[in-house]
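Below are two complexes that have chain A in common, paired first with chain B and then with chain C.
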Partner chain A sequence: MDIDILARGLVAGSLYALVAVSFNILYRPTNVFNFAQGELVMLGAMVFASLATVLGWPWYAALIVTLLGVGLLTLLIDVVAVAPVLARSQHGTGWVITTLAASLIIANGVNRIWGPDPIVVRPPAPLTTDTFSLAGMTVSAYQIFLVLLTVILVLAIEQVYRTRQGKAVLAVAEDREAALLRGVNPLRLSRWSFFLGGAFAGLTGVLAAPVLYASTGLGPALLLKGFAAAAVGSIGNNRGALIAGYLIGVTEALGAALLSPGYQEAVVFLLVLCVLLVWPHGLFGRPFARTV
Partner chain B sequence: MTMASNAGQAGDLLLSVEDVDVGYGHVGVLEGVTLSVRRGSIAALVGRNGAGKSTLLRAISGLLTPSRGQIVFNGRAISRDKPHAIVGAGLLHVAEGRRLFRSQSVDDNLELGVYGLKMDAAGYQRRLARVFELFPVLEEKRRLPAGALSGGQQQMLAIGQAMMREPVLLMLDEPSLGLSPLLVDQVFAAIMALQQAGTTILLVEQLVERALEIASEAWVLQNGRMIASGPAAQIAASEELRAAYMAAH
Partner chain C sequence: MAASVAKSRGLAGLLVQAALVVIVLALPLALDPYGYPLFVATQLGVYVIAAIGLNLLAGYAGQVSLGHGAFIAIGAYATALLTVDQGWSFWLAALAGVALSALMGVLMALPSFRLSTWYFAFITLAFAQVFEKMIVEWRGLTKGFAGVVGVQPPSVFGHVLEPAGVYWLVAIIAIIGFWLVNNLVRSRFGRGFVAVRDAPAAAQAAGASPARLKLLAFVIAACFAGVAGAFFAVQKTVVTPDDFTAEFSIFFLLTVVLGGLGTRWGPVVGALVFFLVPELLTGLESWRMMVYGAALLALMLFAPHGLVGAARSLFDRLRPKQAGQTTQPAETVQPQGAHVERPAISGLSLEVKDLRKSFGGVVALGGVDLSVAPGTCAAIVGPNGSGKTTLLNVVGAYYRRDAGAVLLGGRETKGLSPQQIAGEGLGRTFQTPRLLGELTVLDNVLLGAFRRERASLPGTMLRLPGAMAEAERLRAEAMELLAFVGVADRADDLASETPHGHQRLVEIARALMGGARLIMLDEPAAGLSMTELDRLEQLIRRILALGATVVIVEHHLDLVASIASHVTVLDRGVVLASGAPQAVFADAAVMAAYMGERALNEQASDQLSDEAAGEVARPRPVPAKGA
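After this line comes the complex of A and B, so read on.
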């Protein structure tokens, strides 16, 4: 068996973990899954690719504009499609449809503007996607960077929840009404979380672009596998999402290598199904369970 | 809107609930309810289970919006305000059932007590010291998750969390519920200490006799209507009212 599978699995798994974390950022204060998250990752990749590759902007300028742009669009999704639904009923499920609608609108819009051709994105120097051999694996400097950066980003996001605002988000997640009675304004925290979760999705797209190419077809696959990583890692648990992301990425690569690439999705979701049958709340418990 | 020109003077009305109707959806719970609390006092709100005491506190703190009437706090109409704005005005509600953030530490819970307030580290430490002075056990357990505390300690933490904001008015809903007699004494001593330090208190308490001992005025709620009010000693002495607030157990 080819040991490169591990490298491919970890790289893909890193991206799934990042999508899962972006789900969790939005979920914590709102209990809402933003099903537009996959298309936001795709949008991040397309915007960055257009600015950096097509227009030739320096990568940091393209990065800042992409994060702000995708973050603000996600904030708009909250204002237009999520907050009004929750204002009517805090435990309503209308957001399933409204966030899916946002997802379809973004997908259609992006298709209209960019068309189906993928755009090649080069990583910023000195990183390259040129491969070399490391411990028997064929890897590139960018792949190693991506896997390491993912770990750093997950740990950094966890630090956000050690700030007072972050603790307030956790408080809203645990007992919304008790948080209200301590002066927390959940709407404001939701808005910030949507902006941050959106910018994080945009960043995921930027990071994915050099390995997957920027194309309008990125969204659905990242949405499903990112969601699977969030579920397997226990919803709301970012470290869980990281490990689950790797697990799913490696399983997918194994499935493709051992069976055939045509079966890789089936193998992934068979794994997800088995895990969730045995541990309905994911592998890492239920740290944000509500107490009544 | 009523504007109190002498806001801040002891003895004036700090909170007044004026002819308020409150319900959940189309189900009315409170009808034409009136209540007032004098600045610096302890007021007791008594009544049987289901009389609407918690509903009234929830309306005052903005979790429910009255369909009629108005609520004035510190000279300002608050009946349409959001809960965080009411907290910001200095009205704190310690809800029934020790609603803490159980997965977060005692320290983090106390820190959330000052959420949204700007203060320097010294000011924060001073407030923290006041809470630990009243409830020393919280200092010993400050690194533990709130969920690991005993029932009595959780109640102390809930009160301490509200104290961190140095409230003008503190509403306590059933602070003695489920506590051993010794802990009940501690909680009552803490309530009196808070009042002596200048905090006005509105107390809902199943131990009615004890509540009436420390309160100056009392309000009696029955089936969603305020049926009596007056000096706590008078309410306590009335055999007729006793039937209205004593739970049948």
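After this line comes the complex of A and C, so read on.
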């Protein structure tokens, strides 16, 4: 069998893991799973591509503006679409629909501004997307960088949760009212989490752009595969998301190679269904759920 | 008099509905039999059928399907392929399509029903996306982009139906479907669905399994989608992948949200309005998803119950307040309910042995023993965080125990689900009342009887006499129980508009309605006024007098001392003291745990000098009052 499958799987899996982490960052203190996340990743890719490739900005400037822009938009989603619904009722029906609505609006809006043509994004020097052979695999320097950076980002974020602020996030996730009584402001934490989760989605888009090209059609597929990585890796667990991301990336590459590229989504979907059927809370532990 | 007003209003509603049915059925007589309006009217009927199912699922059971188009596609493709390629009759093919749609729904959604609502939304969204791809990919079966062409209309008694005939068929099915779902949402299943949506723990306490109810709602919704799909194929005569894009699913969701999630007329109104404004949307073709998104957002924010809900609240506001309507304030009417005779209850014993439960590293229960004799009242007291509510939750199987034994009426409950234990006769109330705010007080009490009601699903949906008689009987019993707890005058009020003190009483009535033989009350006195406290005490005494066993978790020690025959003091997950109230409350260790050592020492320090007290006092942080 072609060992390239492994390389492709790891690269795609890293991207899915990043989307899953962006879900998790937002989910942990809010218990909201943002359905607009896929389109936010897409938006990040498009904004960065326009600034860096089309306008010729230096990459770091384009990166900062992208992260801020997508983060602020996500904050706006919280203020407009999520917080008012949550204030009225805690059950999920409301925010599922409102974040989906936000997703539709972003997708349509971006499509109208940029049109359907993908934009090629080159990674900053010295990274390139030129491929070479490494241990029998065809890879590029950028792909290696992407895989490594993903691991570093996941580990770094886990470190953040060990700090005082990070623990406050976990406390709010466990029990909003109790955390409030200990002087943690859940509302402010929610806002921050939306901003950071959105910024991270923007970062994911920036990182994905050289591999996938920046295109307005990226959203739905990344949304669902990011969800798959988050669910298989247990919601809220970033290391789990990383491993699940690899699992999904490799499964997908295998499905595409063995069956046909058209079946790769079906293969991933079956994998997620089977995993959730046996381990409803994913492969990496079940969170403590407070019921009554 | 109120009853006659309600009856005449019901009669008026019936007349309006009958008139609507006549108009719907007479429509083809006024239209060109082969014209476009009739085509559109048929399509509207197809969409209404699918929307009715989706409303049951998303509106009542609270499970949002974002890929409902895929289930319509299954019905449509199955019907088209089986009739065109295999030469099956429409009826058989449609039946196969419905069965396939339901089966796919079950297979696909089975894992997500044990998880949060949004898993289901995601999985249906993913399913629709995958299915859309598969239709194109699996060319050998589905003929790819070309689609299935030449679907024939069904025949009835050997006659191939004309367009008007198809319309009538669709209209009749839509009307029957509307009626069936209407009957369902007014039954115990409907109350169960709303409970699953708004307060899953309350559903379990009433003996209803949330997973099964969600599955039921989804199977019904998938069947409706399958039927809609079959007629979709017939009405369009061509089925192609382009018919079933992601947009199609969003369209259905918007239809239901627009009409009003969880309202009976919502799907009908939503579909109708959507068809009345097609011109508006054709001009905005490329903006369509933006319009859908903005509409969904605006509706969820400003009109969560859609047009029907908005119209209803407008109507309520405009309607002049009638004299008979203004209910008297709760404080002036104080029915004590003491006069209500209830049959005796044979109380259950509870035996808890060495029960252990930890959350991560935190030991919530570190080997608790408790023994409650049938028909007695046992109290569990202790500071916040001592494990009282955890004990109730482990006994009720809301949490899985780590070790130990729980015997209910002498039987080990290990392995039973909360709803099964409820069925064994364990009732409970919650620290914060878990009532269904959008239902009436009476319906909330009726929810308690979920497990007792024997009428079958078909019997309920078809309003068979047996099911109706049973529902009537239970309704009367629920009224009686409301009178028993003393809130009969509130029966028709929405639970969300009922004062806090009454909500607690309604929860007790709900537990009694479930045939509880042992009732666990979790801080029933919290937030009650002095008079309400008095009524609560009287009520607990009357429940005990009937023979039921009562386990009460309470901070109000006067109440505990007055009604409990046995008190168990928990502190940090272990039993500190247990015995008769007088003896326990005299125990110094108990007082220390409850009030903190400093308080005790301050009491003692009345005799001591100030600096000496400062030496002895070892203040212990008092646990913050958690939720």
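Please note the rule applied: the second predicted complex is superposed on the first by the 283 of 292 C-alpha atoms of A that agree within 3 Å, B and C clash if a C-alpha of one lies under 4 Å from a C-alpha of the other, contacts with A are read in each partner's own complex, and residues count from 1 in each chain.
In this section, a contact is a pair of C-beta atoms (placed from the backbone, for glycine too) under 8 Å apart; a residue touches a chain by one contact, two chains touch by 3 or more.
Remember, it's a predicted structure, so these values are computed and weren't measured experimentally.
Enquirer: Here chain A is shared; do chain B and chain C fit on it together or clash?
Expert: Verdict on chain A: clash between chain B and chain C.
Enquirer: So, does A:Phe269 touch the first partner chain B, the second partner chain C, both, or neither?
Expert: In the superposed model, A:Phe269 contacts chain C only, not chain B.
Enquirer: Scan A:Val184 for contacts with chain B and chain C and give back first, second, both or neither.
Expert: After superposition on chain A, A:Val184 lies in contact with chain B alone.
Enquirer: After the superposition on A, what does A:Ala231 contact: first (chain B), second (chain C), both or neither?
Expert: Second partner only, chain C.
Enquirer: For the overlaid complexes, name the partner, chain B or chain C, with more touching residues on chain A.
Expert: Higher number of touched chain A residues: C.
Enquirer: Who does A:Lys167 touch here: chain B (first), chain C (second), both, or neither?
Expert: first
Enquirer: Any idea which of 77-85, 383-391 or 437-445 of chain C is the one running into chain B?
Expert: Superposition on chain A puts chain B right on top of 383-391.
Enquirer: Considering only the contact definition stated at the top, list the common interface residues of chain A for chain B and chain C.
Expert: Shared contact residues on chain A: 175, 177-178, 181-182, 288, 291.
Enquirer: Touching chain B in the complex: which residues of chain A?
Expert: Those residues of chain A that touch chain B are 164, 167-168, 170-171, 174-175, 177-185, 287-288, 291.
Enquirer: Which chain C residues qualify as touching chain A in the complex?
Expert: Result: residues 58, 62, 64, 66, 107-108, 110-112, 114-119, 121-123, 125-127, 129-130, 133-134, 136-137, 197-198, 200-201, 246, 250, 253, 257, 261, 286-290, 292-297, 300-301, 304, 359-360, 389, 393, 398-399, 430-431, 434, 624-627 of chain C touch chain A.
Enquirer: Any idea which chain B residues touch chain A in the complex?
Expert: 61-63, 82-84, 87-88, 92-95, 99-104, 108, 111-113, 115-116, 147, 161-162, 165
Enquirer: Of all residues in chain A, which touch chain C in the complex?
Expert: Counting only chain A, the residues touching chain C are 33, 35, 80-81, 84-85, 88-89, 91-94, 96-98, 100-105, 107-109, 112, 175, 177-178, 181-182, 220-221, 224, 227-228, 231, 260, 262-263, 265-266, 269, 272-273, 276-277, 280-281, 288, 291-292.
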